[in-house]
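What follows is a pair of complexes built around subunit A, which joins subunit B in one and subunit C in the other.
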Partner chain A sequence: MSAAAIPSCQIIEAHAPTLISNILTLAWRELRDALRARSFLLYSLAFLALGLGVSYVSAAGTGSLGLSGFGRTTAGLINIVLLVVPLMALTTGASAIASDRERGMLLFLLAQPVSRLEVVLGKFLGLSGALIACITLGLGACSLVLAWQGGATEPRTMLWLAGLSVLLALSMLSVGMLISALARKASVAVGTGVFLWLALVFVTDLGLMAGTLALRLPVKTLFLLTLSNPLQAFKMWALHSIDASIDVLGPAGLYAMDTYHDALPWMFGASMAAWIVLPLVAAALIFRTRSPV
Partner chain B sequence: MNANRSNLAPRVAILAVSCLVGLCPTTASAQDSMQAPNEKSAGVHDSAGVEINAGTIGRLIKAAKPGDIVHVPAGVYREHIRIDKPLSLIAEGRVVIDGMSSGDIVEIAAPNVTLRGFVVRDTGIDLDKENAAIRVLADHTVIENNTLEDILFGIDLKQAPDAVVRGNFIGGKDLDIARRGDGLRLWRSDRVLIENNTIHDGRDAILWYSQNVTVRNNTSRRCRYGFHLMYSDDVVMENNELTHNSVGIYLMYSKVVTIRGNRLLANRGPSGYGIGLKEADQFSISDNLIAGNRAGIYLDGSPFTKLKPGDISRNTIACNDVGLTFLPSVKGNVIAANNFVDNIEQVCVSGRGELTGNDFAADERGNFWTDYAGYDANADGIGDFAHESVTLFENLLDREPKLRILLFSPAQQAIEFVGRAIPAIRPEPKFFDPSPLTRPVPVATNAGAAPSRLSLAICGLGLASIASLVYVSSRAFAHTTRRKGVVA
Partner chain C sequence: MIRIDHLTMKFGKFTAAADISLSLARGESLALWGSNGAGKTTIIRCVLGLLSFQGTIRVGGRDVARDGKRARSLIGYVPQELAFYDDLRVWEAITLFARLKNVARVDLDATLDHVGIPDQGGKRIRELSGGMKQRLALAIALLGDPPLLVLDEVTASLDVCGRAELVALLGRLSGQGRSLLFASHRADEVTSLAQRVLMLEKGKVTAEVPVSQFVARLGAGSVLHLHMPAPSRPVAIQLLRDHGFAPTLNGVGILVPVPATQKAVPLRLLAEARLSVDDFELLSPRDANLSQENHA
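== the complex of A and B ==
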């Protein structure tokens, strides 16, 4: 890995910038800084602790009775991922550009022979690496605990969960960077990130509940609205990956299974891909026009 | 899930197919692999117009005297047979009776017949005529160790009491559920023993008006109803394994039924129940493993009378979407010494209501609940606080099932928290277990082999190694940049 890093440094020194190598250099820097940050350590520890707690408790419950393969442990982990990963990714992304701008670092950075697009992509890539490390560490440790407790979960399921969690993290990172490109101060950016986290995790769901009860939303509308939330798309995809069905989600889940059949994973994927790509593109476009201070 | 109503198009298709088949009976019997000369004089035809007892086995039956043991040599016999005298028909080696996609295949019209070891395959697909592999119209039949493949109805006992159906393997045709037939059907057939059979991809295994039937050690998978009792009393069902059906066991209008030691797993779909009870009475459901179903036990108007409380005890009800589903008017059940393990919703009152008419404890011993939050200071195995189910989100779910789409999301916990924190909106408890158990009732569950621990551990190490790889590479980069003196 160090071998890969060396040439890119040299290229910066030699003032012969190419897109990929500049992005990589910026990404390495971002990754290093992120892994050093105290907030990131706290997120990792929280994720690890909650995940291990859920794994331990559920393995002690269903595992002790010899019941396995019903995905109950995974459901508990999905819940933890939904809570922690978006918060981590949103705040990380939100501070990515705004804090550099506040510290004057952005001015220094843009004085180097790098383009603004390279800065955005480099930061995105580096922070993705940090988030991937955090998620794989947490879920890897959970797998080990589950294996030690009696193996009540399929390895395949854990791999799916890890992969989908990474996608969720990328989408929230992307949204966070959009906030960061817009905000002038780091504190405002992070505050907005936390607010958005609240909105995506709690407020939209509560709104859907109220809407369903008050307006008698038909199942189709309910399903499509739910699908448009990247957190819910992640959740449904993760459940679908366990036993190729989301009928556990009641009438709306059954409706989706009956109506969309095999297209369902693609729909989940499309929703999440849109949430990764669109905010990142918007962030890059906005960052191009903003002043570095 | 109204599978009885097929629409017009398939019916027309079936009719057309059966007419076509009916048009060429002679061609069919000419294909007899044993190359037997046809007996043109034989006048008996089945409902599809196919000549009966025209082939080799048919002639063996005609030649036999009542009480004979007829051994049929190995081979493929394309014919339809009717056993009209007491006989034992025994397959020697692999004997295939092929129905050539038409009509019924074997009809047993005399008492005391034994049919053993045959492969019976390819019935017609006429639902109106109920094309069956083996139809029994007389008493004291033994149907043993046969393999039924590609059949519409499997074994159809019509007023055939005192039969034994044992060790058969019954596989349905690959048809849409609405066009399938019943793998096993009893019609007014009392004192039948059904054991060690395997039924898959059929519609139902159904008992109509049949009393004193014993059903044990059978396996059913991917059917509509694993076993379905209609107006059938004094039935014992034990040690059956019913998986991936729409419903494992459905009791309707039946009484004095014992359901014991069965394994009911992953019975799902819109009306997926492990055990469903509709106006059943004097039933006992005990020592079953009920896991991974949409609803573990569904109770509608059961028990129907006050003669005996419904007994639901020592079951392990685990990992179902809903453990117990009650319609609001259900009362008179005693639910004690069960393990309620990690059901998404442990108990549901469909359309809201309270379960005040049901007891969740017997002899001061309740059930084991994984969501019980109390403690047991004197360590007598019984929690010091009653277990009440007061969950706001579940109440919302019971009122509006569509909200299940938001299951597992953190908003669910938020709602529950608010429900606990603010007494004004705290719902009434759905039910009340005065003496919850703090340890699970010991039962032999063993819900299949657990996935390998080693592969899960390797998977965990693999994931963790990705993390360490990222970390190490970032350190390596930091090191490089320091040495090179790059500030970036």
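== the complex of A and C ==
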């Protein structure tokens, strides 16, 4: 069949929805879906239970110690956040695209006047909202327990911790969505997310320790490597905000305090921002070229 | 409405669509016909901008590869089987897609009534039957009154009754000035809905014909396989030859190539001659050849 025989095609006015309107529509849908999901509810309950446990025990034991006691409680909460929030955000992000692709829903969605960028941003925004709700609920409940136990509470520190936890959640969500854009199956994506969580929480710390001993890494390299792990960046930033010091981290902490001091919050912020933006951009670029089936 | 120029789509080394060109005018109905793997779904997914391809596809003058979102705003798509959030209620799904299609107001009752599922707005999608889901997908496709409907084997998962009802509904819709591009491997659907037929085989166009010629082409390619007792076969062959057919023996019966409009004629002739037929089936020429080769 020759193309020359084909009559020309008239241009018809099309009124596609705007980028913002589609992103918000998809985000709202994603938020509702996430908040109804059983896995999300379980994560939230686990976070709440662990957080309340730490708050209750800390407040009961250190109520008379005033702000110092609250600092210890916050340090305990940091460890809870470090464990639960990345796992929750990574697995949520990892199933975001892959699960829709596997169930055939992505195909139907992308057959509508929706761009792939809108789908990625809508999902990210909606899931961010769900994670923020979960973190707010968890840390909010912990603050209430601390206040009820009569322990000294400093709302500003708690708010700061909540803000940093949100940044950590967003960075892990972003990484999860990158995994999801790459994976063909939801089970593979979630499995990869869990593996990465294990690596970030446990293996990188041990690896750094082993590397430092075996390779005699300079303290500057050790600090920069630590900073490149978003979980460590969160931990250092949170400790720094409580104590205005990260001496507790040992030689790397002391080196960082001496060398960068006032620039440290900016360095932590830059590391976290990079972990939010770069994987999300990569996810959007990969998703553009991937088949929805 | 649609213009496709030299569309080629490959999955690795496998060519799913090879140098396909076609056009579809406003109000026209075109069927993509072929067996599984012929490339029908691939062409549809390319038209929707879901797959990367070589060549150009324009929908309403919009380049699908460059301006896919705007092109898709002219299309109402119905898949083989609706796969969407099963926990959504019907009204929620319609509201969601209305927003995505920039439709300001939706009369839910009228929308559902239009596709024959009135009073189902409160049900969850998972509670709907296969036929109802397809009607919901059609209701979603019709939101915003798009000038083009793209249907991908929409009756494949339906029973006979559901299929007939949906085809009748689509027939009414296509008569309202909409263009229709649909994939099917069912000749009855093609003859009911299409004005033209693009016949596909292994990703290539084998013919583009008006629906009237499609019937003739399709029929000419059929072979009637008659199972009958061995003693009566020579008489049957002679009888059929006398009436212009070209029957051949294949050991367990007789193979008779038949035109589209005369598939039952050999059966009638044999019945009139009181020659009993135990069973019969309609084969494609390829299957008939295989049957012959297997016997040989």
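In this text, the second predicted complex is superposed on the first by the 269 of 293 C-alpha atoms of A that agree within 3 Å, B and C clash if a C-alpha of one lies under 4 Å from a C-alpha of the other, contacts with A are read in each partner's own complex, and residues count from 1 in each chain.
By definition in this document, contacts are C-beta pairs under 8 Å (C-beta built on N, C-alpha and C of every residue); 3 or more make two chains touch, one makes a residue touch a chain.
Source: prediction; values computed, not measured.
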First (subunit B), second (subunit C), both or neither touched by A:25: both
Subunit B versus subunit C as contact partner of A:115, first or second or both or neither: second
Which of subunit B and subunit C A:107 touches, first, second, both or neither: second
Of subunit B and subunit C, the chain that contacts the larger number of subunit A residues: B
First, second, both or neither for A:292, with subunit B first and subunit C second: second
First (subunit B), second (subunit C), both or neither touched by A:139: first
Subunit B versus subunit C as contact partner of A:209, first or second or both or neither: first
First (subunit B), second (subunit C), both or neither touched by A:169: neither
Which of subunit B and subunit C A:89 touches, first, second, both or neither: neither
Common interface residues of subunit A - those touching subunit B in one complex and subunit C in the other: 1-2, 6, 9-10, 12, 25-26, 29, 109, 112
Complex contacts: residues of subunit B adjacent to subunit A: 268-270, 272, 291-292, 294, 316, 318-319, 321, 339, 341-342, 344, 370, 396-397, 399-411, 413-415, 440, 443, 445-448, 450-481, 484, 486, 488
Residues of subunit C touching subunit A in the complex: 1-3, 5-6, 21-23, 25-26, 45, 48-52, 58, 60-62, 68-75, 77, 79, 81-85, 87, 96-97, 99-102, 137, 147, 205, 208
For the subunit A and subunit B complex, residues of the former touching the latter: 1-2, 5-6, 9-10, 12-13, 25-26, 28-29, 31-32, 35, 58, 61-62, 64-70, 72, 75, 78-79, 82-83, 109, 112, 129-130, 132-134, 136-137, 139-144, 146-148, 150-155, 158-159, 162, 201-202, 205-206, 208-209, 212-213, 217, 219, 222-223, 226, 231-232, 235, 239, 245, 247-254
Of all residues in subunit A, those that touch subunit C in their complex: 1-3, 6-12, 14-17, 21-22, 25-26, 29, 33, 36, 103-105, 107-115, 289, 291-293
